[in-house]
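Shared between the two complexes below is subunit A, which pairs with subunit B and subunit C, respectively.
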Partner chain A sequence: MAMSVAERSVETKMQPPGIDWRGRVLDRAPFLVACLMLALIVAIYGSLQSGVFTLDEINLDTAAAMTLMLAATGQTIVLVRGGIDLSIGGMISLGTVIAATRFTDDPSTTALWMVIILALGFLIGAFNGLLISLLKLQPFLVTLATWSILNGIAMIILPTDGGSIPGWWVGFASAQLFGLTSPVWMLLALLMFWWWFRATGVGLTIQATGSNEKSAFLSGVSITRVNLVTYGLSGLFAAGAALFLVTQTGAGSPTIGKDYILPSVAAAVIGGVSLFGGRGHLAGTLIGAFVLTLIGNLVFVLHVSSYWQPVASGVILLLSVLASSVAEKAARNRVQ
Partner chain B sequence: MDLVTVNGLSKRYGGIVALSEATFSASAGEVHALLGENGAGKSTFIQILSGAVQHDGGSILVEGQDYRTANPDAAQARGIAAVFQELSLIPDLTVEQNIWFRHEPKTLLRTVNRAEMRRKTLALLDKYNFPTLRPDQELRRLTLAERQIVEIAKGLAKDPRILILDEATSALPAREAEWLLKLTRQLAAEGRLVIFISHRMAEVRAIADRLTIFRNGSTIAVHEANAVSDNEIVTQMIGRHLDRLYPERIATATDRIALSVKEFSSGSRLSGVDFALREGEVLGVGGLQGHGQRELFQSLFGATKASGTIELWGKPVSINNPRQALTGRDGIALVPEDRRGQGLLLTKSVRENLTLSVIGRFTEHGLLSRRKEADLVKEMVDFLRIKAGTPEQLAGTLSGGNQQKVIFGKMLLTQARVLLLYDPTRGVDVGTKGEIFQLMRELAAKGYAILFHSSDMPELVHVADRVLVMRNGRVAATLEGDRISEADILRAAMLESEAA
Partner chain C sequence: MSAFLARNRLIVLAYAGMVVLLLVTALFSPGFLSISNMRSTVVLAAFVGIVALGQTVVIIGGGIDLSVPWVLNSAAIVMALLCGGQDLPLVWVMPLLLAGGALIGLVNGVGVAQFGVPPIIMTLATNVILQGLILVLTGGSPTPSAPALIQFLSVGRIGGFPVIALIWLALTLAATLLLSKAAFGRHLYALGTSATVAEFSGVPTARTTILTYVISGLTAAFAGMLLTGYSGQAYLGMGDAYLFTSIAAVAIGGASILGGSGHYLGTVAGAMVLTILTGLLPALNLSSGALLVVYGAVILLTVSIGSETFSGLGGKLRGKAN
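== the complex of A and B ==
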């Protein structure tokens, strides 16, 4: 029966080879929308303010956005895994207060503490991942709890904003190489990192687990290990964000970290990273971080109340979510 | 020597015994079919063999060595790969990324060597004569059949000594199914062992060298495939004599039109379908796969947009979403194609699955009446003979056939009397298939009107009162009485296609 049919079967539904351009554009629609938004904001900003299209401005804006970019890089990894990390707020605060109380003028001592802060970031993150795996808890709840704990510890170490950061480290953020400051080089390094990360087994495994955990498990992935690495990296990047942040503030703050939790998610979402895991690219997140930072500049040059900044950020977030859902729908209809 | 020897294998899930003292042995170079009703323990058996779960007792010897796997990786290291019915593919990765997932060729920087991966993909697809696949396409853009083919490629990519095919043909169109059967023989000829699970007897007969029959978690019999009759196999599978798979077809259709569809179109897949379904009738929808059957069912249920007119019980209606379709006693209910994805909440209990969409029926004075709910659930569980420990058992822990029964129950509780059944026996064991057909006839006799699609043509021939044959998104022919035969369905389905 089934056999005899086969002999005379007609054209199967397999599509002919070739590049599916429309599909590719649809897949990248949220990212393209983010690029358009950035272009639009830069255009408005440039028409209101002179000197926007200079190297100086690029250096300045990148420095302003770098803390968020570092935090959002970790968050992007977690989101691609299909989770969320709120504890980065606590880690950033903790990182700045340790730096502000331990860094000295002696570069070797400071370097040692930098390594300690970064290691702490990775370990605390990995601990988050372990809790999520072993206790089978929601990432939201686990990282909310660790955020609170880290915040408390930061308060104990340094109850109010203060401490000091050695001048040579503060100067790091404005150090130049070939006319570009260190934040711009860091930006390029982040993109390089992402390119490498995504092309390795580790990155692919994290993405796959975010896309479909069950399938990944059936393919032999250790979910516990994935969670360890994912949240560990997120903690590591949060610690990195803290180290960069102190070059901007010159002091430690036990409360500053919370300002980066939701923006790190927002930057990723604006850049087209899916909250359901499996999809997203760091380039999008970095553009999202630029969008959120430049909105601040725009509000400033428009001479309106700075309270309009969160309003504008919210509207942009809504627009990008809308763009991704429209694209997603169009893509799904194509499959049918 | 046998490649695999299994003795006294046991596995319990809580209070439910999935396997008890099962035995199995098979040697290299053979195609060994594993048969049994859903719930007989086949799935648990292959999950243990492929490392997805661990057994509680008994021994497994692979090439004479003790075998106890901690995870699928360890199983792969021992040369065992499984092509799962519940696919192990990643939606957001491309075809080739999926095929080589975690076994990618690497460069010096530890990154994936894409050129090498592409070369290996094409070599693999070519070697086993795979149907056309685009290596760079993301998996979520693929149809169910295409995904199944990718899953097969993924299993073969590991060059396993033992390949397990779990219901691999059930999602495939005829030509691809045929290809897979040829491939299976080729793999055996290469000296591999293929453990083949299928509910299609004809396939098993066509390719298996030997077969092992499971029932209630134990091994019932092992046969040489050519030394046993279909009847014996079926009897051993269900443990009682199955008089006949298909119930007697007593015409119960009245003159009353339950569902009338005119000029029904949707996108490029459905163009101008006309038909009328009568009260008490089982109307089959056949034809080659991908000629609008899926779209017809989806559109009638309001899950896909469509134009044209629909009349239910003589009244024109507009159905824009499933909520409108399900309204009241004059509604339409659907048993969907993908029961795991669309029909069932696997992490909810049988009770919740049955009553979630009709919760309004159990309220008294605005409050939920647990007693009323329990009564109705019990009635439904008894009526459908759902094998669950208690109504609180999670739907995900039921066998495939019992999950399907829960979906039927859910549909019946909506009180809709026009039922759309899209491939309701897919991946369901022979015993439950018989029960489902019996149930369909009983419902028809009660005045339900049933639109029925099956990818297995004999089912249409033996169960439906009339058969609509679809071709290129329209009804190419309506077959009645003696004209319902596989040959007639095929002729109607392919006439134009062949000319083209």
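== the complex of A and C ==
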């Protein structure tokens, strides 16, 4: 029924050049809708609250969104591969409890544990990828199972919220350089990373495998290696999200990770990343993460109950996927 | 008989796993096989089993329903609010809330079947929207206690049997007939195996897809009302655990998450396995963290047994033996 992305983009190129711009706009429709939503939210927010268009506000909002952005970066890589990673919830919880129980005032010990947490994230993710490939299992079920296992281990290490994070690491999130705090620099770094990564051999292979696994395999791509790297990176970014999250909470929590699983998918989908693989850009995901975070601010300045926030994010999510499916249909019609 | 075994290998394995687990648990805590303990195990498993009925049907059709937690929770809260602890309003409240659950399912199904929204996103969206609406409605405060009639349905007994176990048995029979005998069942397996082939073979794919989500909405809403009776009160977050357990029960019961295979009879065993595990761990002095680790390991183990790699291996071994 649905034509693969690879086939479609080839055929799109054969259109007469005169109507090509329409095709290009339609292909980016979900991303453009996301930009429009963000602009709208910022406009409403800015008109109701003074001081929205200041560096302080940008610093604050980026810090609030950064955990989700890191988690959603890994999720975007997995979604572009055509998979899904539910285990990031477990990895984030595990990362925060290790940090809260092992970090000390001595920066070198803490740095060592940070490296351990990041390495653990990559290895556990790679293990997911290995299971998916070797046993030919569905990513949804494998990562659901490892989510449960990691969450369980986190609860064994630290049964309830607690522990402590050294002050110097908490201060990292508000450290400034040229008036911008570290989360803003991290945001720029994420964009740079994606700009570099998508053009690398690994990035291209992941995208090609997500577009059409069979033809990627026939072109000599090792699917096992692709899965290993894809889910490994997802685990790595989840571990990174945990390290950032503890600067915001100042403690570890064995259950906090689950709050990022589905929002990470939602942020990517709002930003125009396709759940069918092969299509998506991290810039869209980051905008999606901002949309989801700023809805909270909006609900606050509109003086309505904060309980409206989930309703608003659900409606926005639905609007975004409807925009995507309209774009898909239009693309299909254009080809025919 | 051997043909039956070959076709339903995974379901048979799920029941075998359940029996082994029962025996192992009985070894560690001798009182586990007592009548009263088995009764409470079945009651707890029934809640998972009823929610997982809808989930099974949706998954066989190739979808997934993430809206289960808040459909369940919404039904529980609204029932408690509308009844105010009285039995009489149940006459109209129960049908109303079942219809409400079906309506949410209809919205999910139409989004998936008509608008091409991926099931994960569609049902995730309805879930958070319901969550928000219920929070707005209650303002986050607890609700009145459950009517006595609902409490009877979930903790009462008829002739020594828990009422909810009888309800579960009836639902299992109905689901088995629906999946194995009705045209809907044939359509469902065709749809889950390949939507394109099913469509070209004249299967009403859109209608079948929508119906799966309607059934899931119905069972989740029903389970929500019963669960209120069990805990004596409706509270926020009471459905959250059922997302994981309903999917896990289906997976342990041998259905493929890709759709097209599996049966509710397998899910019944899956629900029992999950509940027995919950009872086993206190006997072993293990924490709730350990329970999550075991849950994950059991899911990995069962889906591995069901995977192509393993069945391919089994086939090869049998080939050699012949």
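The rule we apply is simple: the second predicted complex is superposed on the first by the 317 of 336 C-alpha atoms of A that agree within 3 Å, B and C clash if a C-alpha of one lies under 4 Å from a C-alpha of the other, contacts with A are read in each partner's own complex, and residues count from 1 in each chain.
Keep in mind that, in the parts below, a residue touches a chain if its C-beta (ideal position, glycine included) is under 8 Å from a C-beta of that chain, and two chains touch if they have at least 3 such contacts.
What you see is a predicted model, and the numbers here were worked out from it, not measured in a lab.
Participant: Looking at the overlay, what does A:146 touch: subunit B (first), subunit C (second), both, or neither?
Facilitator: second
Participant: May I ask you to decide whether A:191 touches subunit B, subunit C, both, or neither, giving the answer as first, second, both or neither?
Facilitator: After superposing on A, A:191 lies clear of both subunit B and subunit C.
Participant: Given the touch rule stated above, what does A:265 touch, subunit B (first), subunit C (second), both, or neither?
Facilitator: A:265: touches subunit C, not subunit B.
Participant: I'd like to know which partner A:201 touches here: subunit B for first, subunit C for second, both or neither.
Facilitator: A:201 sits against subunit B, while subunit C stays out of touch.
Participant: May I ask you to decide whether A:223 touches subunit B, subunit C, both, or neither, giving the answer as first, second, both or neither?
Facilitator: neither
Participant: Quick one: classify A:60 as touching subunit B (first), subunit C (second), both or neither.
Facilitator: The answer is neither, since A:60 touches no partner chain.
Participant: In the overlaid three-chain picture, which partner chain does A:27 touch, first (subunit B) or second (subunit C), both, or neither?
Facilitator: first
Participant: Just which bits of subunit A does subunit B share with subunit C as contact spots?
Facilitator: On subunit A, the residues that contact subunit B in one structure and subunit C in the other are 1.
Participant: Considering only the defined contacts, which subunit B positions touch subunit A in the complex?
Facilitator: Where subunit B meets subunit A, its residues are 51-52, 71-73, 76, 84, 86-93, 97, 101-102, 104, 106, 109-112, 131-134, 136-138, 140-143, 145-146, 154, 173-179, 181, 200, 202-203, 206, 267, 269, 288-290, 295, 304, 456-458, 486, 490, 494, 497-498.
Participant: Quick one: in the complex, what on subunit A touches subunit B?
Facilitator: Touch residues, subunit A against subunit B: 1-3, 5-20, 23, 27, 196, 199-201, 204-205, 207-208, 210-212, 214-222, 278-279, 331, 334-336.
Participant: Which residues of subunit C touch subunit A in the complex?
Facilitator: For subunit C paired with subunit A, touching residues are 64, 66, 111, 115-118, 120-122, 124-129, 131-133, 135-136, 139-140, 195-196, 199, 244, 247-248, 251, 256-258, 287-297, 299-300, 303-304, 307-310.
Participant: If we count contacts the way the header does, which residues on subunit A are in touch with subunit C in the complex?
Facilitator: Going through subunit A, the ones touching subunit C are 1, 84, 131, 134-138, 140-142, 144-156, 159, 254, 262, 265-266, 269, 275-276, 305, 307-315, 317-318, 321-322, 325, 328-329.
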